[in-house]
Amino acid sequence: MLNYAVETQNLGKRFGKFEAVKNLDLAVQQGEIFGFLGANGAGKTTAIRMLCGLLLPSSGKGTVAGFDIYKENEKIKQRIGYMSQKFSLYEDLTPAENIEFYGGVYGLKRGTLLQKRAQLLEELGLREQADMMTRSLPLGFKQRLALSCALLHDPPIIFLDEPTGGVDPEARRNFWDLIYHMAERGKTIFVTTHYMDEAEYCHRVSIMYQGEIIALASPKELKQQHQKASMQEVFIHLVDR
Amino acid sequence: MGETCFFTVAPHFPLSVSLINERNMSSRILPIIRKEFIHIRRDFRTLMIIFIMPVVQLLMFGYAINMEIQNIDLVVLDHSQSPASGELVRAFQGSRFFTVNYFEGGATEVESLFQQRAAKMALLIPHDFAQTLATPLPSALQILIDAGDSNTAQLIQNYANAVLQNYNAERGLVTPIDVRTTIQYNPALKSSYFFVPGLVAMILMMISALLTSITIAREKETGTMEQILVSPVRPQEIIVGKVVPYIFLAFLDGVIVLLVAHFWFKVPIIGNPLLILASSLVYVFVALAFGLLISTRAATQQVAMMAALMGSLLPTIMLSGFIFPISAMPKALQLFTYLIPARYFLPVIRGVMLKGNTLEHIGVSLTVLTVMGLFFLMISAKKFKMTLET
Amino acid sequence: MLAPGCWNFKQQGSSIEDQTTSNQQQRQRKTRSVQTLMQRILYLLQKEFRQVFRDRAMLAIMFAVPVIQTVILGSVMTTDVKNVKLIIYDADQSAASREVCRHFMNNPYFQMVGYAEGPGDIRAALDAWQAQVGLFIKPHFGRELARGLRPEIQLIADGLDGNTAGIALGYAQGILSAYALGAANVSMTSAPVVSETRLWYNLNLESKHYMIPGLIGLLATIVTMFLTSMGLVREKEIGTLEQLMVTPIRRGELMLGKVLPFVVIGFVEINVMLVVAFFVFKLQMAGSYYLFLGASLIYFLTTLGLGIFVSTLADTQQQAMFISWFFMIFLLLMSGFLTPIANMPEAWQNVTYLNPLRYYVNLLREIFLKATPLKFLWNEIIPLAVFGVLIITASALKFHKRVS
């Protein structure tokens, strides 16, 4: 049965001679917050891009929402939300126009779209700034706006690639509250980060090092197993080995 | 050892301070030059500009424009059908410029031949051609030319006139004046003679102004300029260090173009080669000063590139007389050309190369160029200081 | 550990568009997807136009620049020969020789810069770039002419600018023979054959009639190709293209949505340039305006396809600009825009058949000047269409919804 939101076997990607991702084995359950940890260049982004159908893998197998990542990537795209570190918004459009555009691209009905737009602007506290250009918004607002745009079609699986990069601690905190809220509603969340304190919030984490997963368990288990007080120490311990 | 010695004395003797700087100057510039060469070698785009573009342009301008058109499609509507008209048509057939075809239709159908591009010229011989030829009255032919392309039409007209003149001469009828033409410097009217020196001017401008302004803007953009500025290097040293590699490359390119022109396209070099190099140096100085001026104002590579293209390269191509003669431009634009350095340099390099011009001929132009260069340099020096302060 | 019950993602997925559709008929779903398709493209178009009209610099580039370029380049790019600097050495100083000089002075082709003092002065003036053509009337010219002795006149030209020299010499010879025919008082037993030349389509041989239609073709190429590639690459740079790639939007929709605005802009541009051509250069379009629009539409397939193609090669706007520039140079040099193709070496002439701009420039010139009807234009239209379809297909294939 299709009980895994994300499942991969021996998934790999090489760019020329460089192996960015090696033998990735994952099974992420529905409703889980799955953390993907690693230093910059460990292969996190490559892995997430393969899962989203942005990159074709070089080897191995994988499914997302039960669809094959090689052949059914267009079907996958209807069922996932994706947000990257860049907060891919149009800076020269207003927040309202950004929402309208992405909603339109996801095929939302006009009525639903307008309703959703009003609701989101309200929720994000952007009603006053609705006519400002997105470029002049503070980073934290941009981040939440980008997330909202990526989730307009209410996808069951959400990929977040370094969603909190460059955002201040308080905004990060709020953002994680949002992630929890979504997980409670049954969404699967696949998140990469290099902030180890964020790893503590995940249900399960995998630690990636030079393209390979070197540890995969819940933060609690990992800390016990390596007898460390924090994920930070676990990470340093594992990577320095 | 010497440095420590100077250092202890220095606070009391300003002269020694300057000695230290002087001594270090070359050793500080060298790393910048070396770094610049590494950038150039690794940057595909710069390499393209430096090595591929000149070759492409040389081929284009060396070959593409010939003043001679051959095999012009000529249709003859011979309504006379006489031995005399046959003889006239043979005169056209004998010319290497025309490919002659007879056309049986009427004069009204010529237009559709032009539209089908089956003919460029039509020769209409009237039915009474042979009869009038025997009288003292001039016999008139009608020539129709597709003048869509005015230049080609002009040439066709000249060729046709030449054929008729020969025909008349063979019948013992010569014009009352004997016109002798002599063409100086480029008797075969080869386009390569005209374009190659111009190309050198363009390449020197492109590399000196475009590349230097881009490279300085790039350092600003990536923040490495700031890094260099906080080091003990002086601004002048940075400029010299950044500019020297491009002067070297510009000259290398210029010399390559000249060699190819000389040995491949057989363009002669009549004047003194040293004078060519020396005057090129003056021109490169102007171009570099202009490039500096751009880079002091442009914050990003993109702006620098646009400014260099719009401010130097396009005017050099369009308004300097490189391709299009200045004398045929509207008056206002003609005046504008006086602001363009290449306008002065083109007669210099063309003159020295092909007319054997000496310093006496080109002195004025070189002076104007020098003044222009100094002017650009002055403004950019002022600007450069300001950008350092802000 | 597992969430209660195994979710069927496939079923849940279809709830995206509308919760109710999953239970409805296949046929309805089809119409719905057509609607979605139209809707997605419309949203893309809306966004694109919003961005274009918000960006003042972009608007300026799109509309002011082509006007300025048409005006300036239109007046600069001319192969007309006018105001050729002429120096005369009249060693005869007779009534006849002065008459010859007068013929040269009252003439738009030549600009008299002065009289030389001796034969050496002509060469010196040519050396110093003071004159381009010298006219040397030998002593006793008038007397010999009156006696029918066929006096000699020398024309000395600076041949460096071959085009100007060749044409100026042609003019000079024309002027001299016109004078000679008028002055000849010798009675002849038979007269020479003279020609009456009619220059069709361009009575005064002004190159603007030829250059400006070509210029419109060139500028239309630049605008559509550059803007398309820059527009796509900009989205790549800021990451929104990646964001669009993870949406269910189809490749075709994405391409169409990005390209259609530039088709519209391209059409506006060529019309703006047309207006400049009419009012500034007093050109007239002899042929069919609709034929002109049709040909342009076909040609835009090529330029937009090239724009997309460039965007797949470039990661930054700067690279896109550079690569487009490179394509542009090939298109320009091999189009016959500046130099007649008939003048090129044989091998080069063959290469020009691979150049879509060659066909478009030809079409524009034929339509503008000669009112050539459609039936004589298939030789251009068919290759142009073939190239357009090939290029746009190739670039569509190269344009993946994946990052490379």
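The letters A, B and C name the chains in turn, as written, and every chain counts its residues from 1.
The definition used in the following text is that a contact is a pair of C-beta atoms (placed from the backbone, for glycine too) under 8 Å apart; a residue touches a chain by one contact, two chains touch by 3 or more.
Worth saying up front: this structure is predicted, and the values here are computed from it rather than measured.
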Subject >> Most remote chain, CA-based centroid, reference being chain C >> reply: A
Subject >> Interface with more contacting C-beta pairs, comparing B-C to A-C >> reply: B-C
**OP:** Between chain A and chain B, tell me the centre distance in angstrom, where each centre is the average of that chain's C-alpha atoms.
**Re:** 56
**OP:** Take the average of all CA coordinates in chain B, do the same for chain C, and state the distance between these two points in whole angstrom.
**Re:** 19
Subject >> Euclidean distance of C-alpha centroids - chain A vs chain C, Å >> reply: 49
Subject >> Complex contacts: residues of chain A adjacent to chain C >> reply: 1-3, 5, 29-31, 49, 52-56, 65-67, 73-75, 77-80, 82-84, 86-93, 97, 100-110, 149-150, 153-157, 159, 186
Original post:
Once bound in the complex, which stretches of chain C touch chain A?
Top reply: 1-3, 6-10, 12-13, 15-18, 36, 39-40, 42-44, 46-47, 50-51, 54-55, 238-240, 242-250, 401-403
Original post:
Taking the complex as given, what residues does chain C use to touch chain B?
Top reply: 72-73, 75-85, 111, 123, 126-129, 145, 148, 150-167, 169-170, 172-174, 176-177, 179-181, 183-184, 186-203, 205-207, 209-210, 317-319, 321-322, 326, 329, 333, 338-340, 342-345, 348, 365-366, 369-373, 376
**OP:** Please name which positions on chain B make contact with chain C in the complex.
**Re:** 45, 48, 53, 56, 60, 63-69, 71, 88, 111-112, 114-117, 133-155, 157-158, 160-161, 164-165, 167-168, 171, 173-191, 193-194, 301-302, 305, 318-319, 323-325, 327-330, 333, 347, 350-351, 354-357, 361
